[in-house]
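The following pair of complexes shares a single chain, subunit A, combined with subunit B in the former and subunit C in the latter.
Presenting the complex of A and B:
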């Protein structure tokens, strides 16, 4: 029923809308896209077609995988495996430790609960960087320098993850637990049989959080592993950058691998990640 | 009755690992930073020097220059990031055909770690890089983005903003979802224009979320380290030498842990003051309205 005058106007505003979104999406995608394209070029052709700029600069012609082969020859396979190990162990331990704490805060009332809970919330407002330098001294005292424990153990307890679980378990009706208690089910069974399966979405948010935290860790592994026998990805990449400033195609290849692993995790699970973080922001 | 059933041992067992972890690896380091800042290492021995490390910062030109850089950097980057994250969140929550694809693309920088972003942008910003190629289309001559005293800090702001705003956007989306659509419908019927809806409805109702994002964003940017370490090492001519990097340099390059810890304590103290002020200013206004 729309009149003829309204239709072109509508089309124009729709076109304008897409233009705005396209420009922004372009800015977000461009660096990663250029990195992917450049990682598929021979090193001598990285800056081809830029001066003067032609759209060919954004296409790999012809694509070659030599940069990726080179990166793995430099031992980045091992570095990726190291980082995976650190991130996965932290993730699993973190789910158990922070989930248990969140459950306790949500289910039980005890003296000093409010104070402890607010201390935990404050602790996640204080980023790791703030305490990285003194944490170095703590690690030294524990004798953990250059030990993989230094990378994992301090990152397991995570205030934000505790808070996510606390928030979730508080919303579960207490009747479930009380009914089960009356039937003589033990608390541990209640936790494992009722609450853990219910909390699957929160587990996914918290797991992503812990995994990405470790995957992106930079300052702490730099300090805690002074001899760099055991390298993790961000530090390995930065060291590679400092040593070989001009092997651009391999630098890009490492960057692409480093970015694509968390992106591959986030894409299918983004709903959980967004909901988890967004919820924490509202209550936090 | 429920009190008698409270399983104390179980609570303790559930809480202990997380609490011990947070105490040993969060709280204790803060205390240690304060105590270490009162000592100096002299020939391998720790010597108590009281407030000397702090007093010498007072007359330390490098420290004050670094303080100036840190404050200027934060004065710029935080408002920019929050304004852009808000704009992005408003675009994200729109509903129209094809928006899903844009949403996914908006989230890409979250998967790109800061060091990765730094490496990619460093090559994009070199003299013959893609950015100079693109500004060349507009006839702008190639710029030394990372090696000029007048541009390096702003290039770092741009890189950190590219990497950061999608993350802050997520929190703002959460806030937007709590605003009842009826409020907008009522406003629309009353003929309130869309920019008025933004200023008089959306932003006031988002205040708690924006406060959270502001505090968290300031905290992260105040302690920003990786881009400076990887790109400029504080240079050129100390123009990007933020306090966090100055502390690292002091402790791990020059081996002066006392000075490093004193700087960290000052940084965290300033941060607490800023965060306290933000809470006070923003929550007061909320109480009044």
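Presenting the complex of A and C:
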């Protein structure tokens, strides 16, 4: 009896629940959807069907790729390539430098280790704006203004990445390193052949961190490249908002491209996060 | 192959001394077991021999060569870790051959040595597996294989069996003994398990709080302990200690057991009134010996071949008595038993020294 009575009630509450989920999901997706839709409209039709609002505002009719074509005609391909170069070089150099630093902190005891480590931790808590001006002075004195080195070198050493590696390497049982030392394995080989394979997820997290950091950089490239001969993506994007007009559809097209590239990089690496890394060589 | 000698080896972390001057000579091919309660410094001493801990003072020589300040890899030692320390991302083959490959040994030779070690340890079918696909005993054998291929002068084992279950422990114990017989290499083995120490060792070194209490063959430690600690540590179940007193007449009496007199032949009689302890092993109680005691049994454990009666549990000086064919003994039984005073040991209760 009771099950009979409960069934329609249950169905109703389930339906209501899902309706609420849908509404919430819609609210979250809306800005992204709006950006994609707008990038597929001609600039003149950007604000069509909004005042008064019609459902047509949520679908581009008909979709046009004119904004994307326009973006690349303005040389945005070069800008993406520039940013890729800066981000990838930073990532590779950063993995080497930060990984080695993290390994040294985890493996060796030396005088002043705690102080240096604290300084590194504080360094990534400082907002970039706080060091932008001193960094600019140093860069200028090195003669690196308008040089690609100014974009890459200051970002290679990253306190957060050092800390990530330090944290992970200190959790790896010391027995591995000790067993290898007894076997006469050099420290470099201990790092490269034992610790790095064991810390793939950490390496990938750190790599993404460094990549995204450069991908999102705006203020520093703007300061360090005053002549704007070598533009990166965030600086390039700002150029779509001009003094007298904003090219909305191209701005949205660039935003979509800018968001898609890191997502495309992230997707295939996702499984490394999930992959459990148990200390299977330890204990029975 | 090489012998090993430690002279006045000390270790301290800041102000805290961990090892207080150890002098020890280990002959070539000897199987030496460091045994002691946890925190006695046995693992630290082993790690100092391996070169994983620095030596604060003193010298370590292997095969007559001073290795005190050498890098671990230059000492000619191989170590089997308690955790096994198998690299989880490498196959068994790579785990065993890793050290050789990293030292530039040609691939063909590495393969041959790995195959030889695998045959000796029955690992041939498992060479392509990863450590996590192995059982505890198999991992243990891989760890030993990794030590063997390097053909070291000295093998070091740091509590290698403590992660295995009881049955496997007995099996691996026999395997390690067989290995020692085959390789005839010097081996140093750390354990807190005195049964492992008794069964494996040519020489046992009993450590306590960073000092050597006594070193000798297993039976010499059992038959002739130098102090209260060694007497209590070696032998299972542990030795019984009965409160004893020396009267003005020079006779030793047991005040807890109706002042029964224990006729002992001592070089020098202890001071009257000195606190003494008389040590008697559970297995040395028998029905018709010279000194007899009447005891009320608290608890009995029947193991089939032998039975253990526990008396005065919870008191300062409980007793355990091993009995053969005592199936009618139970809780509350008044047991008449006795021991031979020639097999008993007398100790100073305060200093723990043996009185002879």
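As a working rule, the second predicted complex is superposed on the first by the 234 of 284 C-alpha atoms of A that agree within 3 Å, B and C clash if a C-alpha of one lies under 4 Å from a C-alpha of the other, contacts with A are read in each partner's own complex, and residues count from 1 in each chain.
Heads up, the rule we're going with is that a contact is a pair of C-beta atoms (placed from the backbone, for glycine too) under 8 Å apart; a residue touches a chain by one contact, two chains touch by 3 or more.
Not measured: the values here are computed from a predicted model.
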item: First (subunit B), second (subunit C), both or neither touched by A:189; value: second
item: Subunit A residues touched - subunit C or subunit B, whichever exceeds; value: B
item: Contacts of A:25 with subunit B and subunit C, given as first, second, both or neither; value: first
item: First, second, both or neither for A:103, with subunit B first and subunit C second; value: first
item: Subunit B versus subunit C as contact partner of A:11, first or second or both or neither; value: neither
item: First (subunit B), second (subunit C), both or neither touched by A:181; value: both
item: Footprint overlap on subunit A, where subunit B in one structure and subunit C in the other make contact; value: 181, 278-282, 284
item: Subunit A to subunit C touching residues, read off their complex; value: 173, 175-176, 178-186, 189, 193-194, 197-198, 278-284
item: Subunit A partner contacts - residues on subunit B that touch it in the complex; value: 5-8, 10-11, 13-15, 17-22, 24-30, 32-33, 36, 88, 91, 96, 98-99, 102, 104-117, 119-124, 128-130, 132-134, 136-137, 162, 166-167, 170-175, 177-178, 208-209, 212-213, 215-216, 219-220, 223-226, 229-230, 244, 247-248, 251-252, 257, 260-261, 264, 267-268, 271, 275
item: Contacting residues of subunit A [partner subunit B, same complex]; value: 14, 17-18, 20-21, 24-25, 27-32, 34-35, 38, 46-47, 50-53, 57, 96-98, 100-101, 103-105, 108-110, 116, 119-120, 123, 125-127, 129-131, 133-135, 137-138, 153-154, 156-157, 159, 162, 181, 187-188, 212, 215-216, 218-219, 222-223, 234, 237-238, 241-242, 248, 251-252, 254-255, 258-260, 262-263, 265-267, 270, 273-275, 277-282, 284
item: Subunit A-touching residues of subunit C, taken from the complex the two chains share; value: 50-52, 71-74, 77-79, 81, 83-89, 95, 98-99, 102-103, 130-132, 135-137, 139-140, 146, 150, 163-164
